[in-house]
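Chain IDs A, B, C, D, E and F follow the sequence of writing; residue 1 opens each chain.
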């Protein structure tokens, strides 16, 4: 049954939505939102890998024999932290960009930069 | 005893779900922001309480019951505060509610003129 | 001092009820944590009669029972009107006077108003509470002042 | 203590970073950073000696044995890379204190050093670890600090460059993460050695193919391989000079290391080169990179931009060597990796000295500098010659090896194209030389003094290394050869 | 823009619920506090600082669409050979994981396998994670810190009074809540061995209590209560605690982060080591989150004052 | 019964999202998010029971907390910057 993979496909679609937002949107904050969605979807992907049919949370309990795989959980915990670190830094950069250029639109910033280079003024 | 517990638990959950759904319908149907808040109020108070009580009656270990009670208390404690804060912010930023026009008094009219 | 003690007891209870593990190790960590929290909280200056309303504790259970009854009743009304549709609504905005003396009393009053579906306290400045209600009747009920009286009585106890 | 060297390599700079925050005073922090970096350098020398003498070192972190715990596995390639990174970092740091005076406000200097150390940690972590997921973690340490370091540049365009890098870098890292996830899914392990032994047993290859593809694309984003290089020139041009000198020499090298490690050790040559048309793909991209980037470099007006584009071109050379999938080609790649680190750090550091004096890196402002800053300009000229590949410089050695490898492979046209690429380098280097030596400065510009000794010393250390390793090629070639051969499983 | 940020917050909440369904309680815990909490919060702050307007015009998104389409197809293609979702005999559950599931209780004494893997088996990854968060803290500090003049106490007092008037209900409720949130953070910190939780989650919860305080009492008051340089040093100390546990185990003859040698009894050593490193994680995470939030808020204040002067 | 309750809550969550997307004002959106958060608390508690391991209620507690913190934050910001409800929100 090929449908046994449906879970992964949903995640892939989510991932691609995130990726699309990053590439296609010019607004810097939206790009970071997209980045977040993209990363979160990858987390979901990992957690799906760790899932075991009929298993329970990997915390030892009386009389439970089947647990889900704890390793992806650990990896994702780390990855979530990495994600928030990137988000924080990205937002800090966006704030500084707004101060420096007065805009957080990719096009505006790019246009201002090009202009500056044309004038050869540094 | 067992059956009484499970029946009453199921009943609580059922009522809770119904209230919850009503609240959900309310938030879609009601005409403006303030009226929608009332609908949310339903789901936050009685519906939450019913569901949580229903869970308590499922007869888990006492520690889970205690935690459920704590969640319930917290919901009851936090939700009016959050709604109040929300309403306060809305009214201070001059979002005026739809008022039942037939019964509108002179005092309320004065409210609507932006100050 | 009174408030610090009551807060520590509250915190201790909170920990013990949550924890479920009563080894020496965890208990000593519990004590350490509480001491740290108390230090921080004192530095923040948030421990006072407002945050620790010990003086209300005796009368509170009775009030909360009454409040629960009110909540259930008003829930039923609101749900009825949700299914009845928008035509049945008569949203109203009024300003009520809160007769409580202390800030704490006013807050309890305002929160109780919000907690009962159908009425929301929009703003609380001085002793004026701005209330929005779903139905005309809700306001009439509030204006009759039963809740106001009960809260005042609650506060008057100390 | 010798047994703990592999971990100390990473831990020393890592722990030095938070300690800096406690020390606070910038000059003290600078000394401390220098000390930490120097000890990392010493450790890497010791490690390289140990590895050359005894073979691969294995260090089990936390006392858990390999696939369960994280393992450090130092072979010749790792030790070689660690040596390059910590060495360049130490020399560059010598000039940092002077350079920062003019480029970064007093209250940020401590933070700068902390970020610098963290970035060093990240790179060292990537090259020493033997665990696939650990690579991702350290990759993020190095990239996050890189974003922040680049954004510290004075020009507001530094912010924009940093943001672009952040977006590209994070997409790259997430792709790598997906790749690692797929590998884990198919093998159940994260340890590289274990992966290498289990991957051939996995029957289906569609998932593995995807895993490899994602990993490669992710790494190539970090690597600034030709069509994905857009973030690099601006990032290098607007970052503080010290950062540029350090990154130009190291950060893309780390990405190349990852590419080599996963292609050759983890997936194995047969697999990698059979599932993807790597040979043609990388050859084409590498050559295109060389030509497009070199041509763009010719038209740049900012000298930092010129050398940044030249870096993209040099990456092209390394990729060409890589695409041959032979031991000789790989040796050329590794050798060029080492030599390019020497050239670019020397060049960018010398540029830093110029920026320190005249406050800009625009080509027009270079007029007359040949006479006013003779030592610095000589260093730039020697670096430029090395970039072109004139005999007696390191650039010649690696190009020679590369051309020989191409010919051995029977790729005559490629060899010719490589030589042609060098001609383009002549053009852009000549433009700088011409401006600096044969044009008179704008009238009315104040005469410029020679750079301070704190700048000249590290610049000349690097320049002499450029010449020394150009003449005495035993050390670099021997190590590169040994590393390349060990990757192909041939003992010399 | 607000809508976008909020939807991403909702996405965080949803994915966290999904993690619960997938048995990843620890991850759900973290995602709840991070994805739905801190990151949404930071985004809101950033949106508030950069403005909500946005260009509608976009140049052709065909290229983006093509890239996304190709990547998506590649991934779908890659999943075709994957073991079915939830299948217990997938290779990922066969090789390394069984040891964690079966033996971690004997080897580390932790009922929560995630904690034992996180802190002991793969303790070095976690060290890297702490460093990442530390790096982010330093990076934000380097990007956003501003030089401030001293504020007078009187100013803060008047601000406080107006706050008191305006947000009576919020103020009282939050005053009541803060001690409990703080204690809850400690509870989560120390119960990571038994249930979901641990240093990272605790740090975030702790920071959220402080953020709540800042929100309500204003930056000025908060700065008086929370000494900024102390917080910065605390974030460094967290990393150092972690590293020093590793160094001590080297000195005791084990390898880096080998907790078994910390005490005569290997299990007790593991316990002690995990407790200490979780403490280090908690320290760093809490202080870095506070730093990040403070820097954003201060920058905001700074921009506002600058704008105020120019107009 | 547990399943039924879970489904009901999921439906309500979807309704909340619809309201969040529809808006029309900023406050409607915040309201929807807040409601979504409280429903998540309930959902998590329920899920713990559905899956037979009810000891993980801590997560629900954290949700309640975080939800509160973020709502307060949203409000403080919307207050401080005086976002007018008439403003179009993108």
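The rule is short, and it goes like this: a residue touches a chain if its C-beta (ideal position, glycine included) is under 8 Å from a C-beta of that chain, and two chains touch if they have at least 3 such contacts.
Just so it is clear, the structure is predicted and the values come from calculations on it, not from any experiment.
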What's the overlap between the neighbours of chain D and those of chain E? A
Most remote chain, CA-based centroid, reference being chain B: D
Greatest Cα-centroid separation from chain A: which chain? C
Per contact tally, chains sharing the most pairs are A-E
Dist(centroid_CA(chain A), centroid_CA(chain D)) in Å evaluates to 27
Note: chain F sits from chain B at a C-alpha centroid distance in Å of 12
Chain E and chain F have mean C-alpha positions lying a whole-number Å distance apart equal to 20
Touching two or more other chains, which residues of chain A qualify? 19, 28, 49, 56-57, 59, 61, 71-72, 75, 78, 82, 85-86, 89, 93-94, 96
Which residues does chain C have that touch at least 2 chains other than itself? 14, 18, 110-111, 121, 124
Counting only residues that touch at least two other chains, what does the list for chain E look like? 1, 4, 23, 25, 45, 54, 75, 79-80, 82, 90, 92-93, 96-97, 100, 122, 125, 128-129, 132, 135-136, 139, 143, 169-170, 173, 177, 184, 191, 194-196
Would you mind writing out the residues of chain A in touch with chain D in their complex? 19, 22, 28, 31, 35, 38-39, 42, 45-46, 49, 71-72, 75, 78-79, 82, 85-86, 89-90, 93-94, 96-97, 100-101, 109, 113, 116, 120, 122
Under the stated contact criterion, what part of chain C meets chain E in this complex? 7, 10-11, 14-15, 18-19, 21, 26, 29-30, 33-34, 36-38, 40-41, 43-48, 50-52, 103-104, 106-107, 110-111, 121, 124-125
In the complex, chain B touches chain F at residues 9-10, 13-14, 16-18, 20-21, 23-25, 27-28, 33, 36-37, 40, 43-44, 48, 51-52, 54-55, 58, 60-61, 63-64, 67-68, 70-71, 74-75, 78-79, 81-83, 85-86, 88-90, 92-95
Please give the residue numbers of chain D that touch chain E in the complex, ascending. 4, 7, 11, 14-15, 17-19, 21-22, 59-64, 67-70, 107-108, 111-112, 114-115, 118, 121, 125, 131, 133-134, 137-138, 140-141, 144-145, 147-148, 151-152, 178, 182, 184-190, 194, 198, 202, 204-211, 213-214
Can you list the chain F residues touching chain E in their complex? 17, 20-21, 23, 26, 29-30, 32-33, 36-37, 40, 43-44, 47-48, 51, 55-56, 58-59, 61-63, 65-70, 72-74, 76-77, 80-81, 83, 87, 89-90
